[in-house]
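Next up: some structures, all given as structure tokens.
Here come two complexes built around chain A, the first alongside chain B, the second alongside chain C.
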Partner chain A sequence: MFDLQGFHEAKDVADAVQALTANPNAEIISGGTDVLIRVREGKDAGKVLVSIKNIEEIKGVKLLDNGDLFIGAGTCFTHLTNDPLVQKHIPMLGEAVDTVGGPQIRNMGTIGGNICNGATSADSAAGMQVLNAIVCLTGPNGERRVPISEFYTGPGKTVREQNEVCTGFLIKKEDYEGFSGKYIKYGKRKAMEIATLGCAVMVKLDKEKKHIEEVRLGYGVAAPTPIRCPKAEESLKGAACTDTERMENYVNIALTEVRPRSSWRASKEFRLQVISELAKRALKEAIVLQGGQINA
Partner chain B sequence: MLKIIHFKVNGRDVELAVDERESLLDALRVRLDLTSVKKGCEVGECGACTVLVNGEAVDSCIYLAMWADGKSVLTVEGLKGPNGELNPVQTAFIEEAAVQCGFCTPGLILTAVEIVGTGKDYTREELRKLISGHLCRCTGYENILNAVERVVKENLQKAN
Partner chain C sequence: MRAVGKDKIRVDAYGKVTGEAKYTADLEPKNILHGKVYHSTIGNGLVKSIDTSEAEKVPGVVKILTCFDVPDIQFPTAGHPWSVEKAHQDICDRKLLNQRVRIYGDDIACVIAENEVACDQALRLLKVEYEEYPVMTTVEEALAEGAQALHPDLRKDNVIVHSHMTMGEKDYTFEEGLKKAREEYGEENIFTLERVYDTPKISHCHIELPVSFAYVDVNDKITIVCSTQIPHIVRLYTAMALGVPAGRVRIIKPYIGGGFGNKQDVLYEPLNAYMSMQVGGRPVRLEISREETIYGTRTRHQITGHTKAVVTKDGQILSRRMEAFANNGGYASHGHAICANCGNVFKELYIDKIGTEVDCWTVYTNAPTAGAMRGYGIPQSVWITECLTDDLARKIGMDPLEIRLKNCIPAGFKDPHNGITFHSYGLKDSIIKGAELANWKEKRAEYDKPQSGDKRRGIGMAIFCYKTGVHPIALETAAARMVLNQDGSCQLFMGATEIGQGADTVFTQMAAEASGIRYEEIYIGSTQDTDTSPFDTGAYASRQTYVSGMACKKVAEEFKDRILDYAEYMLNNAVQDFSKTVYVEEVTAAAKKIRELLSLSEETEISKDSLELVDSQIVEKKSGNPLLPLAILADTAFYSLDKSVHIAAECTNHCKSNTFSSGVCYAEVEVDMPLGLVEILRIVEVHDSGKIINHDTARGQVHGGMAQSLGFGLSEDLLVDPKTGKVLNANLLDFKIPTAMDVPDLEVDFVELEDPTGPYGNKSLGEPPVIAAAPAVRNAILQATGVAMNVAPMTSQRLTDAFREAGLIKTISVD
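Let's turn to the complex of A and B:
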């Protein structure tokens, strides 16, 4: 038996918001793969859980009329990976969430939970950073949209209020069209593992596939929250895909933008090494995915 | 507080009073005596409690019983044929000696049922990934993989 004070299965988003507002001790539960474990460990014991698991309106991926993608917060990882729109437009994100836990966890855990729990180690976090995802939150006063760059406030902390429901993520057309992307997870095991480090790179090449027009570099576990490395990104604008010198420089700049720490999983020094290695590997793979040539 | 849920368990319609705070694992084991569902780590890591909910494998230890309302749940008890025959997945596990202490077996069999149900072919590496949510502390993974591989192939041959 879980140590809960109460449980409410929300019929829709409005019902969930109302239930959360009615009780400050209430907490959202979506897939349950984080919340129920925290309850089991006693960390979140005695809470009232407001379940959004069965709200169909926040599940699935949609292509909007303007070309933007909307990812429902209640979409589980498996469904995200298998979604045709994700496979076509943002395969990197589908592959990233395919590295979460194991198959059963991926059948339960949701993208909304992965982002809203505020974990820097979330496998979707680096990808959402480079996709410039916009978090859609619905609260008692209606909807607000928060860029992912302003969403995290600290380890496990976000700007989401206790009575706000994350309904999904908006990915603008200009943030995925023409890009290829690669997420690399570093962990000691291939499955059932929390990332020691996660790195996502998105790249847009010129027409000849010779030069980099734009690159985006995002990390999980390289700082207390998921981060981007804007200076490193800027440094590669216009660089030739074969320019190893500028790639080295980009890695060195990235190292100045991260703030990893030592934990029982890995030391700070080791994380820095993984950070530099993954920045290179993910960039190269993203370039190749788009048909560019690299100096291997 | 007890709440009434209606769901399908192993193909049968079931009306059940469950506590809002209980896991599907406890509801199945304690209230319905479906003891093929094993209680292992209780934090979604070992996969011993795996059941299929609407055809998808979930860890029933971190799945609230309330969530099963209106859904269809399959446990190993539900694999039995009309005359008590074993499911081909179970036969494959026996023939490949994929069972040692047996604690992980029910969960692995259900994951194998889900895999076979897709009707797709998989490489051994892909199968490794697909069963990665199960821990076998006897470390009998080779035979388990042999069994899953065998039943996937057999099923494909039958389909052709």
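Let's turn to the complex of A and C:
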């Protein structure tokens, strides 16, 4: 039994926006894997919940005519992992959301909720960072598109207004084509876990698979919000896949770009240890995935 | 053996896998009221006032009770048998709701409402004024000079009990032993070691939460249906807490979803009863949430062991010393029993040639209350003992297996303090069997070679011993009853409780074995009802298969005897009394048959001594020839117009014996040093638990225990904020029990020696599996990396810190 003031089953996005606008005490619920926990804890008790769970138009993954990918916000993790387009073009993201909680959670939780919840520990967050995802929000005044780099404003906070519905994420063709990617979740156990740290690396190698043309490094839990490490990324441009010295350098630069904190969950020192190790390991795995050779 | 030792399917298997088995929450009456507890938001202090006015306005709220409303009665909670000797009674140190707050989250008020939402809303509106005192979450703080005594009415300081135990000469001290070692062996031939080992506070994490509902029945009985391991103890302590006679309280225990010792304490049952009594006896349900369970019920004791040891260069352990400090939290619960148990196994597991000195301190603090948890102090004891053993072996360069074989507890060992004796002795056989299964010799040699790179491998081991039940430290008594049905089937009623461990199954097997009634035709009553069930103190101390098993065997033998009495009557009166019955042919034929078999004349009385019950048939004892189906006997016994007997038996068994079980664990690991990850490549455990009654359920016990021990060793750690006393990780996300993905394949074997004291040769197996895996993994990490981890759990952070300190991974310096 949950402490709710009301429940509205939205029939489409416009209906959801209207219901949210009508009541400032209203909150979106989709899979409920974050919202219901807050209601149970009393933090969000007494709210009106507007469900977007059954809006079909915001579910699934589409390949647009221009080659961009559109990921519906209401797509649950299980469907995302098993989606043929995801498996073909951005398998890293499918694998990342397959590390969320357990099977039941992955059947309920959605990619939209995972991002809009604003948590730095979200398993899709680092991946969305390196994919340069564009967040599509629909509010009373129509749609706006926000680059993921501008989406987060603080821990658990985003630019999304209370009456805006996230309908999905756009991944530009140039942001996935030619890239391989690897997400490594570091948790204290192998399932039912929140990331102590999440690291996503995407690389694009040259034709000979010898040199790195572009690398992207994103983290969850390395700062109050999910982040990228642009200086570290820049430092590896043109580097040989076997150049361990430059890779060490890239790791060291990344360490200057992160802002982990000590908490009872993990010390800053430990997080830095994991940050540096994962930057290296995720990069190497991403290179190998693309057919590159590394110094093991 | 027809039933014992056969791997029968659990009697409750179908009910539990189909979800049909009824647990407490499945049995609630309609229109039940809901209760919730208000927990203090300070860790040490006094409730000055509670303003309930706003909370009372919440629609649906029926009643709010505060610490100012409850009876001024202090009661105990430990699931120990009550003692008629004052000195052995448990400590009465809490009330239904406490005005004096001793832990963060202490129970200070409660709400009764029509639904749970109203309860929650009301809880949020209670306004509490406190007088706050400094919080002491550690033993050091609580023992510091001038520290406030948390229970000044019971103890002048925060020491609940201190006990001193020695092995060797009377008044032995380690310092004397050291002196003697120097004199006798020479300084150059001995090594000394001094180490501090530490263990975590742990939450049991049984699946079913502590849940109960209570009502006052029409006969004025205060009735509580609850998830408990110890219904008869709950009855007594609830009566004490309420200030009513024991007979007025009735406890009903249906199936329960695990307890691991947390439900070997009286938890919220007395408060639940009181809540019902305060609303005119209406049924009130009280389900404690997971969060409340973790911070507010009981935990495993965090025990720190300060140790010293002297060993000769060739591996003879001469003397050891342990000073153990147990953080007991705000209330005594099981009090000193657990730390003393920890001390016992330290002194028992190895025979120190000169002597052993042990001190155990159990201390009140403002940390969460510690009580019974599976293993009862022995996982901590063996962590301390077996870390020390490997550290000693490493110091002298001896194989850890050799040092153990050379010094471990021997056959026939008798503890000089309590007389507990190692009757059937399978420890060394287990060590050797396990070493072969784990490939110890080859693996140890392989991993002793220099290793490089980020990943290193090692193999480690740990041994343990464990008593069976609590005799002679406390009372061991059990009762059982069997009742015949018209079809020859029967009910078996035990006072002992099935809590998921498989007790009902092994009791049914033992009853089948002893009575001769088929396993499938014995219906065990799984619900204990203190008004109708035989008496038993409950599920704890790995006692039930042994202690309650004795009662089970005894009652089944007596039951059989009564059946054979009736068989004798039937056979001797076959013609005259049975001529008009439907069974005349069968009974006459049976009488004829046994007379033929024994060459008896028509006039000779048939004696029951020549009869036996086998597979639910009356048979001729010597030949085993079947004479009469039990079903015919039963139907006759019920409805005979000549002699109607309702065949039943009930008896008590007062157990006055005990015996040690033992075993070993071998763990092979790969350590990923930069990430502090430990992968268990293989883990093998061999148990010396006497004859195994049911191998399938026994293996299940061992699997579960090993998984829990891996949690103890690697991930489980209840974190308490030192400033407030608040538990930081009181949920299943942050308190890290291993998941199915984390637990490796668990290899289990047994050395089966018949114990002369146990029914069908069994001895303890319930708790022993939770002991050895953690130190075995620790010792494997030691071989792999050379780093001795002294604190459990060995989390990734602790491991990387230690590897950094050892120079195995590089230091990252970023400001």
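Basically, the second predicted complex is superposed on the first by the 296 of 296 C-alpha atoms of A that agree within 3 Å, B and C clash if a C-alpha of one lies under 4 Å from a C-alpha of the other, contacts with A are read in each partner's own complex, and residues count from 1 in each chain.
Keep this in mind: a residue touches a chain if its C-beta (ideal position, glycine included) is under 8 Å from a C-beta of that chain, and two chains touch if they have at least 3 such contacts.
Nothing here was measured: the structure is a model prediction, and the numbers come from that model.
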item: Touched partner set for A:178, first chain B, second chain C, both or neither; value: neither
item: Touched partner set for A:91, first chain B, second chain C, both or neither; value: neither
item: Contacts of A:190 with chain B and chain C, given as first, second, both or neither; value: both
item: Which of chain B and chain C A:1 touches, first, second, both or neither; value: both
item: Partner chain in contact with A:51 - chain B first, chain C second, else both or neither; value: first
item: Which of chain B and chain C A:256 touches, first, second, both or neither; value: second
item: First, second, both or neither for A:139, with chain B first and chain C second; value: neither
item: Which superposed partner A:269 touches (first chain B, second chain C, both, neither); value: second
item: Set intersection of chain A contacts, chain C complex versus chain B complex; value: 1-3, 102, 190-192
item: Chain C residues within the chain A interface of the complex; value: 115-117, 120-121, 124, 674-676, 715, 719, 721, 728-729, 732-734, 736, 738-742, 795-797, 800-801, 804, 809, 812, 814
item: Residues on chain A engaged by chain B in the complex (per definition of touch); value: 1-4, 6-7, 9, 32-33, 36-37, 40-41, 51, 53-54, 78, 101-105, 107-108, 190-192
item: Residues of chain B that touch chain A when the two form their complex; value: 19-23, 26, 42-45, 47, 50, 56-59, 62-64, 66-67, 69, 111, 129-134
item: Contacting residues of chain A [partner chain C, same complex]; value: 1-3, 42, 45, 102, 186, 188-194, 255-256, 264-267, 269-270, 272-274, 276-277
